[in-house]
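After the C-alpha cells below, expect a handful of questions from me.
Labels run A, B, C, D, E, F, G and H following the written order; every chain starts at residue 1.
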Amino acid sequence: MFESILNALLKGEIALEEAEKKILETFYERTDELMLDLERERRQGFPEVVFASGKTTKHIILAVEKFLEKKGIAFVSHLDEEKKKVVKDRFREYEIKEAGRLLVVKKKDIPERLDGTVGVITAGTSDVPFAEETSLILEELGATVRKVYDAGVAGIHRSFYALKQVKDADLIMVFAGMEGILPSLVASLTDLPVIAVPTPIGYGHGGEGTGALTTMLQTCVPGLLVVNIGNTVGAAAAAVRILRRIGSAER
Amino acid sequence: MFESILNALLKGEIALEEAEKKILETFYERTDELMLDLERERRQGFPEVVFASGKTTKHIILAVEKFLEKKGIAFVSHLDEEKKKVVKDRFREYEIKEAGRLLVVKKKDIPERLDGTVGVITAGTSDVPFAEETSLILEELGATVRKVYDAGVAGIHRSFYALKQVKDADLIMVFAGMEGILPSLVASLTDLPVIAVPTPIGYGHGGEGTGALTTMLQTCVPGLLVVNIGNTVGAAAAAVRILRRIGSAER
Amino acid sequence: MFESILNALLKGEIALEEAEKKILETFYERTDELMLDLERERRQGFPEVVFASGKTTKHIILAVEKFLEKKGIAFVSHLDEEKKKVVKDRFREYEIKEAGRLLVVKKKDIPERLDGTVGVITAGTSDVPFAEETSLILEELGATVRKVYDAGVAGIHRSFYALKQVKDADLIMVFAGMEGILPSLVASLTDLPVIAVPTPIGYGHGGEGTGALTTMLQTCVPGLLVVNIGNTVGAAAAAVRILRRIGSAER
Amino acid sequence: MFESILNALLKGEIALEEAEKKILETFYERTDELMLDLERERRQGFPEVVFASGKTTKHIILAVEKFLEKKGIAFVSHLDEEKKKVVKDRFREYEIKEAGRLLVVKKKDIPERLDGTVGVITAGTSDVPFAEETSLILEELGATVRKVYDAGVAGIHRSFYALKQVKDADLIMVFAGMEGILPSLVASLTDLPVIAVPTPIGYGHGGEGTGALTTMLQTCVPGLLVVNIGNTVGAAAAAVRILRRIGSAER
Amino acid sequence: MFESILNALLKGEIALEEAEKKILETFYERTDELMLDLERERRQGFPEVVFASGKTTKHIILAVEKFLEKKGIAFVSHLDEEKKKVVKDRFREYEIKEAGRLLVVKKKDIPERLDGTVGVITAGTSDVPFAEETSLILEELGATVRKVYDAGVAGIHRSFYALKQVKDADLIMVFAGMEGILPSLVASLTDLPVIAVPTPIGYGHGGEGTGALTTMLQTCVPGLLVVNIGNTVGAAAAAVRILRRIGSAER
Amino acid sequence: MFESILNALLKGEIALEEAEKKILETFYERTDELMLDLERERRQGFPEVVFASGKTTKHIILAVEKFLEKKGIAFVSHLDEEKKKVVKDRFREYEIKEAGRLLVVKKKDIPERLDGTVGVITAGTSDVPFAEETSLILEELGATVRKVYDAGVAGIHRSFYALKQVKDADLIMVFAGMEGILPSLVASLTDLPVIAVPTPIGYGHGGEGTGALTTMLQTCVPGLLVVNIGNTVGAAAAAVRILRRIGSAER
Amino acid sequence: MFESILNALLKGEIALEEAEKKILETFYERTDELMLDLERERRQGFPEVVFASGKTTKHIILAVEKFLEKKGIAFVSHLDEEKKKVVKDRFREYEIKEAGRLLVVKKKDIPERLDGTVGVITAGTSDVPFAEETSLILEELGATVRKVYDAGVAGIHRSFYALKQVKDADLIMVFAGMEGILPSLVASLTDLPVIAVPTPIGYGHGGEGTGALTTMLQTCVPGLLVVNIGNTVGAAAAAVRILRRIGSAER
Amino acid sequence: MFESILNALLKGEIALEEAEKKILETFYERTDELMLDLERERRQGFPEVVFASGKTTKHIILAVEKFLEKKGIAFVSHLDEEKKKVVKDRFREYEIKEAGRLLVVKKKDIPERLDGTVGVITAGTSDVPFAEETSLILEELGATVRKVYDAGVAGIHRSFYALKQVKDADLIMVFAGMEGILPSLVASLTDLPVIAVPTPIGYGHGGEGTGALTTMLQTCVPGLLVVNIGNTVGAAAAAVRILRRIGSAER
C-alpha cells in the first residue's frame, strides 16, 4: 500500500516528515473547499453525482466546473426546473443531456467506459422520468440500455412482452410506483439479477411510492434487490457495480 | 312500516300506549343481557358471528346457546385453541365444524339459504387457514365454494391455472399475505367482482399483512375490493351481500 | 383457446411460423408506443382510465386521441386545473363532461352498456367531488346513479333519510372523510353490497382520509368493502364488476 | 397562601428558620422513599392510583399499605393476574374489589364523597372489563354508574336503547374498540358531556384500539372528549373533575 | 314521543297516512339541498359550524344565508384567507367577528345563551390563533372567557401565573403545540376539568402537533381530556356541553 | 417455444387436442396438491425454499419429501425450534445442515452448481445467525463464502479489516441491525456489488431492524442494494442471480 | 431563598402584604403582554430565542425590541424569507447577523460571555445552513467554532480529515441528513462529547431527516447525544450547557 | 503518529515489511474470533459493553472471560433472567453487581477512574430499573451518582424537590416514560447539561416509550439532549464523555 513511499524514504529520496505526510495522504486526501470526491469513481466504480437539493446554484456551478476540469463530465441530480435552467445556461458551451431532474454536462470526447446491457422496464408512463434518469447515467458510462415502458400488470400481456425484449440483458431494472408489483412478476420469470426501483407515484394509503417500496421488500419472489423510492442514481450505481464485475469476469 | 300497528290502533285492537310501544320496538328491540342481535341476518343479510377475542368462555357459551335456540346455528370467530376446546366440549352433542379459529355449532337440519358460487384462491399455503374460515361460513350459508390454494405469483403458471378453475364463479376471493400481489393479477384478468383479503403473513417491513393490505389498496388494477387484514368474516359477509343481490336478480 | 389456429395450421392455411406467432399473440398483443390497453374493457369489464398524474399534457392528449379513435370515449383522471384546461381546449369539438379531477371526452353516439342502479351517498359536502367522479363514470357506462349528499352521522336523521332513498339500488357506495363512520352505519341497516370510499378530508391525527380508511377497514359491521383513499375510479370499476354480474344473472 | 405562617412569624410564635421551612413545605412536601402523593386528591380532586406495571410486588404492597394507613383506601391499576393474586392475598383482611386489572383495597368505613350519575356504555362485550374498571373507581368515590353494555352500531337499535337508559346522567362515557364509532353516534344525539374511551380491541390495520382512537379524535360530531387507549383511570378522573364541578354548582 | 300524533289520529284530526308521515318526520326531518342540521343545537347543545374546507365559496355562502335566516347567527371554520374575504364581503351588512380561520356572521340582537367561565391558556404565542377561535365561539354563545397566553413550561413561573388567573373558572382549556406538556402541568395543579387542545405547531419528529397530541394522551396526570390537533370547534363544543350541565345543575 | 409440439402435430405424431394441452402445459404445469414449484430453479435460477411459517409440520414434511424425490435437496426456512426438531427427526437418514432457522435436507451426491465467491460480513455477533442462513444456502449451491463477523463501525479498524478479507470476492453481503451503517461504509470503499441485509436487531425507536433498513435505503453511498429485514433467503437468491450472470460471462 | 424578605418583614421594613407579594414574585415574575422570559438565560444558561414560526411580524418585532432594550441582543429563529426581510429592515440601524433561517440583532458592544471550542462538522453541503445557525449562536455567545463541512462517509477520508481538525475542541457537533451515519463514525473515534443534529435532508423512505434521526438514536456507538431534526437552537443550547460546566470547572 | 516506526525503519531496527505491518496495525488491530474491541475505552473513553441480546450464553461467557483477563472488569447489558443466572453462576468467584438487565463482573481491585457527580432523577417508580443500570455503570467507572426517584410532574412539588437535590451535580440525567415531560421541566430550571432517557413505559398511543421520546425531542426547552428509548448504556457513555471533558478541564 505504501511500500513505494517507504522505499523512497529508505533511499533518501524523501525526508521522514514527507513520508509520514504521504502515508497519511493515502487516507486523507487534500481537499478543496467543497471536498469534492474526485477519486470516488476509482474507489466505488461510480463518479460522484452532485446532489442539487439544498445546495445553492452557486455551489452547484462550482462543483460542475471542478468535475468538468478534472473529469470532463459532471452529473447533477435533484435539480428543480429553476436551478436546472441556470445551470444549463451557465454551461451552454458544453454538451448537455438531461432526463427528469438529472443533468449531464460534458466535454465532447469522453470515451465509453462500461460494457454490458441493462433492460429498463417501467410499469407506467408516470415512472418514465425516473427510468430515464437511470438510463441516461448508464448510457453516459457506456452501457447499452434497452427500454420498455408502460408494461404494468394491469395489462399483463404487456409485462410478458417487456420481459421478452430484455431477456438477453445482463441485468434488469424495473421502475414502478403505485402497488409496485411488476418487479416481482419480472423476477419470477427470469434468472437475471433484477433491481427494483420504487417511484414516488401513488396516493392515499401507500402513496408516494411507499406502497411500491413495501411490495418490493416484502416480495415472495426470492432475489429481488431494492433501492429507495426515486433513488435513480443509486440504482444506476448498483447496476454499474454488477456490470463492472461481469465485465471483469468476461475479460 | 307501522301501518298495521296504526290500523290495529284505529280498530281498537290495541291501546294507544301499546301502539307507541310497538312502534318504538320496530326500532328498539327488547334485548337480553348480551344484547344478541338475533335479527341481524334479516337486516344485513348475514348472521351475527360471535367475536370470541376478549370474551370469557362463559359469555361465548351463553351466546352460542342463544343462537342455537333461536337460529339453530351459531358462528364463533377468533377462538384460541384453549377456548375452542372448551366450546367444542360443551356442544359435543351438536354438529360442529371448524376452520382456522372459526367454529360453527349447529343442529342437523338447517336448510341451505344461499345460491351462487365463489372462487377462493390463496397465494400460499400459509394463507389457507384464512381462506378456510371464509369458505366454511359461505358453505354453511349454502354457497358453492371452489378452492384453489398455493397459486402465488412466484410461480405464475399456478396463478393462471387458478384463475381458470374459478372463471365461472359469481365472484372471486383472493387471500394473500407477504406482498399481496395475487389479487391484482387476478383482477387484471377477469371481469368478475374480486374481493382481496390480506392475511397476516410476512415479516420485516410490511410484515404481518400490512404490506399485502397496502398493495391491495394501492393496486393499479381498477375494481379490487378490500377488507382488513385477516377479516375472514367480513369477507364472507361481503360475498354474501353480492351473492344475495345476484340471486334476487336471478329470480 | 387456440384450436382454430391449430386447425388452420393443419389445413395448411397458415405456416408453422405464423401459427406460433398467432398463438403467442393471444398472450402478447401487439402494442403501440404508449401500450394503451385497448382491450382492457373486454378483459376486466372496465375501460382503461388515463391516470394523468405524472404524465405530460402531450402524453395525455395522445392517449385521449387513441381512445377516441378506437373506443369513441376517453376517461382521464387526476387532472389538475391547468392540464384539464389544456385537454378540454384540445378536444373542444367533442362532448366533454367533468367531475372533480375527472374528464370524459366522447363522440356523441356512445350506446349505454350497463344496467343497474347504484346508490351514492356522501357524509359531507366536501366529499361531493369524489362522489361526482365515480357517478360520472358509472353514468357514462349506462348505470343509473341515485345520489344523496351530506348525510353524515352528526345529523343521524339525514343518514336514515339517505338510506331510504337508495334502498332499491343494486349496491350502495358511501363516500366519507374525517372519521368515516357513515359506511358502517349504512351497512348495518341494509343487506345490499356496500362499497366504502374514504375521501382525503380531515386534519390532525387521522387526517387526509387516513382515519376514514382505518374506520372502514376496522368496521365491526360485517361485509363492508373498501377501496383506497380517493380511489374513485377503482370504486366505479368495482361497482361495474358487481353490476355486470347481477346483469348477466338477470338475463 | 402563607399569611398565617407570616403572622406566626411576626408574633414570634415561630422562628425565621421555621417560617422559611414552612413556606417551602407548602410547595415541597416531605416525602418518604416512594414519594407517594398523598395529597393529590386534595390538589387534583382524584386520589393517586398505583400504576402496577413495571413495579415489583414489594413496591406495590408498600404503596398500598401507605395509602391504607393514610387514606383508608388504595387503588392499584395495571395488575397482571400473578401480581393481583399476591396483593389480594396480602390484604385479605381488608375489603377488596376488582374489575379488569384494577384492584381496590379498603377499610370498611369510607364515606362516599362524590355526587352525580355517569352513564357507562360499551360498544361490545370485549370492552366490558375496561368499562368495569372505570365504573368501579367512580362507584368507590360515591358516584352512581348506570351501565349499558354491548350497544354497538352493528345493531343500531341497541345504541338507541343504550342512549335512552343514560339520558338523565350528568355525563356519558362510551367505551369502544374496533372502529370506535359508538361515541360519535352517542354524542350526536345528546347535549351531555361525552367522554370516549378507546379500548385495545381490534386487529389488522387500526387494531389494538388505534383505529378507535383515531375515529374518536377525527369525529365530525363536535364536543367529543377523548383519553388514551385503555386509559380507564384517566377517564374516571376526568369524570370526577366534571362531576365535582357540577356538584359544587349544585350546592 | 309521538303520543300527540297518535291522539290526533284517534280523534280523526289527521288521517292514517298523515300520522305515519308525522311519526317518520320525528326521525327523518325534511331536508333542503344542503341538508343543514338546523336543529343540531337543540340535540347536541351546540350549533352546526360550517366546515369550509373542501366546500366552494358558493356553498359556504348558501349555508351562511340559511343559518342567518333560521338562527340569526352562522359559524364558519377552516376558512382560508381568500374564501374568508369573499364571505366577509358578501355579508358586510351583518356583524362579523373573526379569529384565526373562523368567522362569525350574525344579526345584532342574539341573546346570550350560556353561563359559566372558561379559562383559556396557551403555551406559546403561536398557539394564540387557535385559542382565539375557541374563545370566540364560547363568547358568542355567552360564556365568559379568561385568557392567559404564552404561559409555557420553558418559563414555569409563567405557567403558575396562568393557573392562578383561571383558578375560579368552571373549566380550563390549554392550547399547546411542540411537546405539549402544559396541559399536564395545569391538570396536576387543579381539580377543575381540563381540556387539552394540541395545536399543529412543531417540526421534525413529533412535529405538526403530533408530539403534543401524544403527550396529552399519554399523560400520567389523571383526568386530562383531549381533542384532535387544531380541533378548536370540537373543544368549544365540549366546553359548552360541560358548562351547560353545570348551568342546569346551578338552576 | 413450442415449435417442436407444432411439428409433432403436423407430422401426425400427436393429435390436435394433445397439442393444445402440451402448449398449455408450457405455461400451466400440472400441479400436485401443494403446487410445489419444482421448475422454479430453472426459471429463476434458484430453488424453491419452503417457507415454514404458518405451515403445519405435516405440510412441511410433505414438501421436503417431494423436493428430495425430485431434486435430491430441500431447503426449509423460518422453522421454529419445535418444528425444526420434528423435521430433523423425520429425515434423520439424510444429510442435514442447519443455520439459524434454516434447514437443508439432502441426499449425499448433489453436484455443486455455482461458481464464484461471496464476502459475508456482519456488523455484530447478533447478526451472525442471519449471515449463517444466507451462507449455508450459497455454499449448498456451490459458491465459496468468505465470512468476517463482528466488524461493526463502533470499532472501525475491524471494518477495514473485514473489507480487506473480502476484497477479491465477486460480491459482498453485509448483515447489520441496530443503526445499520456498516453496509454504507463497505460500499463507500469498494466497487464490488454490495447487498445490504438488515437484521431484526435493535430496540426502541428504529428497533427490530427498522432503523437498519432505513439507513440502508437512505444511504448516500450510491449503489447499495437492499432486501427486507431478515430476508436471508432473498439475499442468497439475489447473490445467486449475480454470480450466475458473472459465471456465464466467464465462460 | 427568601430569608432577606422575611428579615425585612421582621425589621418592619416591609408590610406583611408586601412580604407575601415579594415571596410569590420569586416564583411568579411580573410579565408583560408577551410574557418574554427575560431571565431565562440566568436560569437555563441560554437566552430565549424568538420562535418566529406561527407568529406575526408585529409580534416578532415587538419581541426583538424588548430583548434589545433589556439584553442588547435578540435571537430570532425559523424566519421565512419574507419575515426576515421585514425584520432586517426594521432593525437596520443595529448590527445584524444571519444564518439559514436565524437572525441575530444586536447593539455593538455585547461582551463575549462563553469560553470553549466547538467542532462543527457536516456530512454534506446541504447540511451547512443548519450548522451555520448553530455556529452563529455559539459565536455570538463567545464560543470558538471550528467548522469542517462536507465530510460525509461516502468519501471516508474526508471524515477522518474532519475529525482531525476538531480533535482539540471541547465537544463536537455533527450535522447530517440522509442516513445520518457520520455522527456515529465520529463518536466511535473520539472520547469527546458528541452531539448529533439530524437535518431534514433526504427523500423517500426515511426522508426529511427521519432516517438520520433514527440512525442517531439507534447507534451502536455508546455516548451519542441527539436533538430533534433541524433543532439547531436546541443543539446550541445543549453545547452551551456543557461548555459552561466545563468553563466553571476550569476556573 | 508513526514517526517512531519510520525512525526504527530508518535506523534499520526493523525491516521494511515489518514497518508496513506496524503502520497498518495502528489502524487494523489484530483481532481474535469475537473481535472484541479491547481498546475502545482508550478511543471512546468508555469500555465496550457486551450486548447480550441475540448472543448465545457461550459467546457471552467467552466475552466476559476476555474482558476480565484483559481489563479486570466486564459489563454485559440486555441480559434476560435465564442468561443472567447462567453468567452469574459461571463467574461466582468474582465480584458481581447487577441492575435491571445489566451485569458487572469484576476482580476486586479496579481503581476508580472518573471524577464528577451525576444527578439521576426518575419520573416514576417504573423507570427505576433503567436509572439503576446507568447509575451502576457510572459508579463502577468512579463517578458519584445522586439519585432521586419517583419525582414526576403529576406531583410537581416532588419535581422541585428532586431538582434541589441534584443542583450541584456536573450534569443531570432524567429517566421518564409515559408522556416524558419531566426532563423538559428539569431543563427549564437549571443551566446544567441535561440528558433525557426515555424508558419503555406507557401504553396505547405513544406507549412503550415512544411518547416520551417524542416529547423529549420536541421539547421547547432549549438544550435537552436525548438518547434512544431504554438506552441506558448510551446515556452512561454520554455522561462519561462530558464528565471526562469537565475533569480534564479541572486538572
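FYI, contacts are C-beta pairs under 8 Å (C-beta built on N, C-alpha and C of every residue); 3 or more make two chains touch, one makes a residue touch a chain.
Labels paired with UniProt names: A, B, C, D, E, F, G, H = NCAIR mutase (PurE)-related protein-like protein.
Keep in mind that what you see is a predicted model, and the values were worked out from it rather than measured.
The chains that touch both chain A and chain H are F, G. After Cα superposition, the angle needed to carry chain D onto chain F is 180 degrees, rounded to a multiple of 5. The pair with more inter-chain C-beta contacts, choosing from D-H and C-D, is C-D. For the pair chain C and chain F, the distance between C-alpha centroids works out to 41 Å.
Mean C-alpha positions place chain B and chain G at a centre distance of 59 Å. Separating the CA-averaged centres of chain G and chain H is a span of 26 Å.
Residue numbers of chain B whose C-beta contacts span two or more other chains: 51, 124, 154-155, 188-189, 204-206, 210, 213, 217-222, 228, 231. Each chain pair that touches appears in this list: A-B, A-C, A-F, A-G, A-H, B-C, B-D, B-E, B-F, C-D, C-E, C-F, D-E, D-G, D-H, E-G, E-H, F-G, F-H, G-H. Residues 43-46, 49, 51, 170-171, 187-195, 213, 217-228, 231, 233-234, 236-238, 240-242, 244-247, 249-250 of chain F touch chain A in their complex.
Of all residues in chain C, only 123-124, 152-156, 178-181, 184-185, 188-189, 202, 204-207, 210-222 touch chain D in the complex they form.
Interface of chain G with chain A (complex): residues 124-127, 129, 149-151, 154-155, 157-158, 160-161, 164, 177, 201, 203-206. Residues of chain F that touch chain B in their complex: 27-29, 31, 34-35, 37, 40, 48, 51, 53-55, 59, 78, 198, 200, 209-210, 213, 228-231. Only residues 1-3, 6-7, 9-10, 16, 19-20, 23-24 of chain G touch chain D when the two sit together in their complex.
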